[in-house]
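Next up: some structures, all given as structure tokens.
Presented sequentially are two complexes of chain A, the first with chain B as partner and the second with chain C.
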Partner chain A sequence: MIRLIINRIFATILVLIGVSFVVFAALHFSPGDVARTILGLGATEERVQALRQELGLDRPLLIQYWDWMMALLRGDLGRSISLGVPVSEVIFDKIWASLLLMGASFFLTVSFGLLFAALSGGYHRSLMDRLITLLMLLLASLPPFWLGIVLLIIFGLKLRIFPISGVGAMADDATLYVVAMHLILPAVTTAASSLAVVARVTRSAFIDEMGEPYVQAARARGLSQRRIISIETMRNVLPSFVTIAGLQIGFLFSSALFSEIVFNWPGIGLQLYLGIVQRDFPVVQGCVLAIAIVFVVGNLLADILSIALDPRRRG
Partner chain B sequence: MRLISILSNSKAYELLRTLQRDKSAWTGLWLLIVFGIIVLFAPIIAPYGPNEAIPSLRLAPPGTPGHLLGLDHQGRDILSRIIHGTRLTVITAVTPVVIGALVALPLGLLAAWYERLGVLILRTMDVLFAFPMALLAILVTSSLGAGIINLLISLVIVLLPYYVRIVHQAAASQKALPYIEALRVSGTPVRTILFVELLPNVAPAAIVYGATVLGSIVVTAAGLSFLGLGVQPPLAEWGVMISEGRNVIFIAPHVAALPGAALTLFVIACNLLGDGIRDALDPRARATLSYQANLSK
Partner chain C sequence: MIKFNKENFHKVKNSFLSGFLAIALASLTITSPALAEKNTITIGIEADLARLDPHISTTWNTFKALLHMYEGFVAEDLLAENVETPPIVPSLAESWEISADKKTYTFKLREGVSFHDGEPWNAQAAKFNLDRMTNPDFEFHQPGSVGLLSWVWGDLESYKVVNDFTFEIKLKQPNAEFLRRLSAGGSGTPRMISPAAVRKYGNDGINTNPVGTGPFKFGEREVGVQTVLVKNSGYWDEKRVPKFERLILRGIPEVTTRELGLLTGELDMISTPSPDSLEYLEAQGMTMVKGPVSTIYPIWLNFREGPLKDVRVRRAMAMAIDREGMTKYLRRGTATPAYGILNYGGPGWDPEYRDFPYDPEGAKKLLAEAGYPDGFETRLDWTMGGGGDVNTRADAEWLQRDLGRIGIRAKIELFDNGTYWDMLAKGTREGTCCMQVSWGETGFFWLDLILPTTAQPPNGFNSGYYENPKMNELLASARATSSEAEMVKILHEIRDIVTDDVAFIPLYTPIQVYAMRPEVKGFVLAPQHWADYTSVYKE
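Here is the complex of A and B:
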């Protein structure tokens, strides 16, 4: 098992190097002058020239990448055009709000995903199974940027239950209650489609398990359906549940991006959007890199967990 | 007559028959056909032009006489814009799904045939896998610049790793079969083996994947336009319409809500059909079904 995990970690490091190259190259493959792209359209010709010198744009691409990478390892991601502060500062400032939203969304995804899966897969072909399957189809099909707007209209504007902007959640004096109230709508928006995918895949796993002889044996011993679902089959469903839940991390990031924008949630996604709108390329680059790193590391953790949970791979 | 017999024996026909028995997949297929008709005949169906504005009726709610779904912030008929918008929304999603498959087929075949090249191709794809879908698309469009063509390019890049992996898997499993060995021994050129013999056997895997992924690509494409990175206003496209409507949700929530409802309906149709196709072609799912059918007898 240890060897398998070490292999995964090694592969992850290689992928991260590739990721950093893609993010670096995105800037250099963009049409037009790189220095002008970095400084934005408002910069004077002298400043553009100066930056071109500084970046060494006349040198081979790989050497430029090496320098950029070394700076990156020191935590230097360049300076934001619109904010005038180092990009790394911007990211460390915003990443906590994003991690909080991601954590809450991931919690919703796994808890409700498993609950719906057990309720529908454990009672295959019941009315409840049908209703949940229908609900999951709807949830899986909702575009996050639209779901966010609809929730905002219903619960924020009409019913006035939840606040309509997430900014207040990160205030220094925000109590747990205030943070939770701000968090609910963005987290539901982010989790919706992932939750549905997790529920659907795990439901199939439950249905497969329900046909196994050991379940019939348990039934013959007189165990209740509830006990069979929550204890007997759960253990065998867990590995595929963990795998699919881990795969959702990427989708959660994509959806979180949109819900941060819709709910004005002060995280990396909103910062990325502002970077795009203001043509602040260093910020876009930094945010993309930060999200990709968190994503890759998250996948690694999910992978290790599923190796640890599956006796066949434990070795 | 011969054509009919070929059609009725072909795999596609068989698939269609299987789908017909699957009520939800059949519903999805019909919904998509309706959307297809709207795409073809949008200007005839729509009561107004996409940018025809009646400023005096700005933000009028749904049910306004002559304007079933109301009007937007510029006084344009929302129903007409949704109908016209079907075109760009569907095209920006279907095009990359088709082109992605066309690019991935040769890449995946070469990767399966030449193992060293395969390692290079697959590792490159692994790097692309490391980005969440929407994020990679954002990175590409924000570096190439906003616009429809760049939106299509970015979506092809987003799809490529998934497609290549699937084509590679299918080709690698075919490669081990005796008929390929026989071709190789008989001195058939690699070109012929790959693109005449192997291609027809791996293409279905790519097509099925394309059918199942269409729903999420529609959402990603509309999402990029929502962010201002894809289709640009004043063109009618659902993502653009939701984004424009966002500015007036306090006074006229219907402007953002209605195009999104159309988008959701389209994605539901894609997912219904995609799931049906996957179930119909996945032998394991089919085995489970027949197993259950036997149990219930």
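Here is the complex of A and C:
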């Protein structure tokens, strides 16, 4: 099992190197000229060329990549073009804000995903199963930018239960309660479709397990349906549940991109959006890289967890 | 092997959660609703600010903050009401003299003014800033400003300190707009930074430690969230001492979120609500302030694109577009049709001027005459826009429909603003007939970037390759005139030629909108891309 885990870690490092090159190359080949963006309207072509040289944009791609990588390992992500401050300063806080949002949405995805899966898979073809399946279908098809605005209108404007935006604005009265109030709607919005996917996949696993002989044996021994679902089959459902939940980390990031914009949540997604709009390529690189790292590491953790949970793979 | 028993799982979970929450909380703090604070005005703007160094500043949105922190020799009076163009008023210069040959400007500087860090304002400070902007050998030269501020210092010959409070600037040739350019902002702005601050924080440090002389001092900033400015109680101009303590600018790109924040009282004011929400916001008791802005949406026509080489085709396209209908039904009163290349608020704008009639039948005939009775296929390259642009895609669709009615079948391709400007800088690509951005200023210097043959890509934004050498001469002579009347006369000539050549199709002038809560008073909307917030107060 240790070998399996070491293999996975090694593969993860390779993936990260690949990701860093793709991020670097993608921005390098996207249309638009960084030098001109920096110098703005009215800069002469000579000035633009001079700056291109100064920034090293005229050197071979691999050499540029190598320098960029070395700087990266020192924690130097370059300087933001639009803001004039180091990228690492800009995105450090954003990563935590995003992780908070991600953590909350992941918690919702996992807990409610499992709950709904157990309630519908465990009671296959019951009315509850049908209702939950319908609800999940609905959740899976709601785009986050639409759901977010609708939730804001209902719970923010009409009912005034939750604030509209403003987390991250500077004042001294931040309490856990206030953060939580700001967090709930974006977390629900981000989690919605992932939650539905997790619930649907795990539901099938439950249905499969429910037909197994050991479940019949448990029934014959007189165990309650609730106990069968929550104890007996749960252990065998968990590995596939963990795998699908781990995969959701990536989807959660893409939903978070939308909900961060809708709720003006000061995370990496909002910063990425601002970076793209202002053509601030060091910021875009930094954001994409941060997202990729969290995604890859998240999947690694899910893999390790599912190895640990599955007796057949423990070795 | 990892063992998960209940006990150590909880331990791990708890220590992880508490550590995580502590860090997450440290990076996030919260505003209480702005409503509660009478002395704070929170404004939701379209995007977060860019660099805070005025000499290399970029976006119009950023200037909304910069104009409150920094000042230059002269300023536009943004509190003047009912004017087409904000008048130029003294700022850090009390008065000035212009020599008879219109080339030497002698500024008498205001005495007793100091920067926010206590550094005195005087001729040495002015020289420091001029050096920083224009002198490549200066220790604190800001290289980015040479290109960004070429529209201001392009004609600069020399400058010198005459005495402590007199500063002289010499130009290579007269420039009828020089004071206007000195007062402007948006793409770089010639405003004064405290020399002591530049020495202390370094060139790059100004972005995080802006120090000027304006009515607001820099408070704090969290990138992507908000910028807080604090009242400068010792501000020299009593009329513009802020009526409140803290000005908070929050960039909120999603328009619905801005509107909801206003309705719940988290924001006191917002700029640019959606045209579709105006009636609703008004019905909810919000105050709406509307007014035209010195902006125009002109369509660049591609002179290198087959059919468009024929002026009849270009004219037919112009005649096919229903500008009145567009402003009325699509923009729903948040725009007025624009006629002629001179923009509202800029020099020479004439409300009576008309260029092309809306006449789809005539357009069809003209197109047939030019040899395209069945029209042709082409493409509209469009941008989602930046700051104050709202739903520009709908403009492209309106155009697509109007052109379709005379047989011109156009595809739409949409780009983000940064990419789009690069495309403009490279020149309209093959297969594309039209491009459009919002532009226009209170001066005419932007025409220098789009009309002359010398501004063809990659040296400017004559991106449709409009070829009329007369433009170069006329623009140069307009710049060199010594009276406004003379300048306007030449600008009118330029406008008429652009119309005759159908080099551009002007689309509309936007009506900018601010929405504010009923208790917010005193706001004056200037016909500019930014406004002076010092006069605002809460009842």
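Structure notes:
Note that the second predicted complex is superposed on the first by the 285 of 315 C-alpha atoms of A that agree within 3 Å, B and C clash if a C-alpha of one lies under 4 Å from a C-alpha of the other, contacts with A are read in each partner's own complex, and residues count from 1 in each chain.
Methods note: a contact is a pair of C-beta atoms (placed from the backbone, for glycine too) under 8 Å apart; a residue touches a chain by one contact, two chains touch by 3 or more.
None of the values given here were measured: they were computed from a predicted structure.
Contacts of A:195 after superposition on the shared chain: neither chain B nor chain C is touched.
Once the two complexes are laid over each other on the shared chain, residue contacts for A:27 go to chain B alone; chain C is not touched.
Once the two complexes are laid over each other on the shared chain, residue contacts for A:97 go to chain C alone; chain B is not touched. Of the two partner chains placed by superposition, A:302 touches none, neither chain B nor chain C.
Judged by the touch definition given at the top, the superposed model places A:271 against chain C, while chain B stays out of reach.
In the superposition on chain A, A:291 contacts chain B only, with no contact to chain C. Set side by side, chain B and chain C differ in how many residues of chain A they touch, and the one touching more is C.
Within the superposed three-chain model, A:150 lies in touch with chain B and out of touch with chain C [touch as defined at top].
In the superposition on chain A, A:19 makes contact with chain B only, while chain C stays out of contact range.
By the touch criterion defined above, A:167 lies against chain C but remains apart from chain B after alignment on the C-alpha atoms of chain A.
Comparing the two complexes, residues 30-31, 149, 152-153, 157, 261-262, 273, 276-277 of chain A contact chain B in one case and chain C in the other. On the chain A side of its complex with chain C, the touching residues are 1-2, 30-33, 36-45, 47-48, 51, 79, 82-85, 90, 92-94, 96-97, 99-100, 103, 149, 152-153, 156-157, 160, 163-176, 178-179, 182, 261-264, 266, 270-271, 273-274, 276-279, 304, 308, 314.
Across the interface of their complex, chain B is touched by residues 11, 14-16, 18-19, 21-23, 26-27, 29-31, 137-138, 140-146, 149-150, 152-153, 157, 207-208, 211, 250-251, 253-254, 257-258, 261-262, 272-273, 276-277, 281, 284, 288, 291-292, 295-296, 299 of chain A. On the chain B side of its complex with chain A, the touching residues are 24, 123-124, 126-135, 138-140, 142-145, 215, 219-220, 222-223, 226-229, 239, 242, 245-246, 249-250, 253, 256-257, 260, 263-264, 267-268, 270-272, 288, 291-292, 295. Chain C makes touch with chain A in their complex at residues 1-2, 4, 20-21, 23-33, 47-48, 50-53, 56, 58-59, 143-144, 146-151, 187-188, 204, 206-208, 220, 222-226, 228, 248, 250-254, 256-257, 260-261, 263-264, 266, 386, 416-419, 421-423, 425, 449, 458-461.
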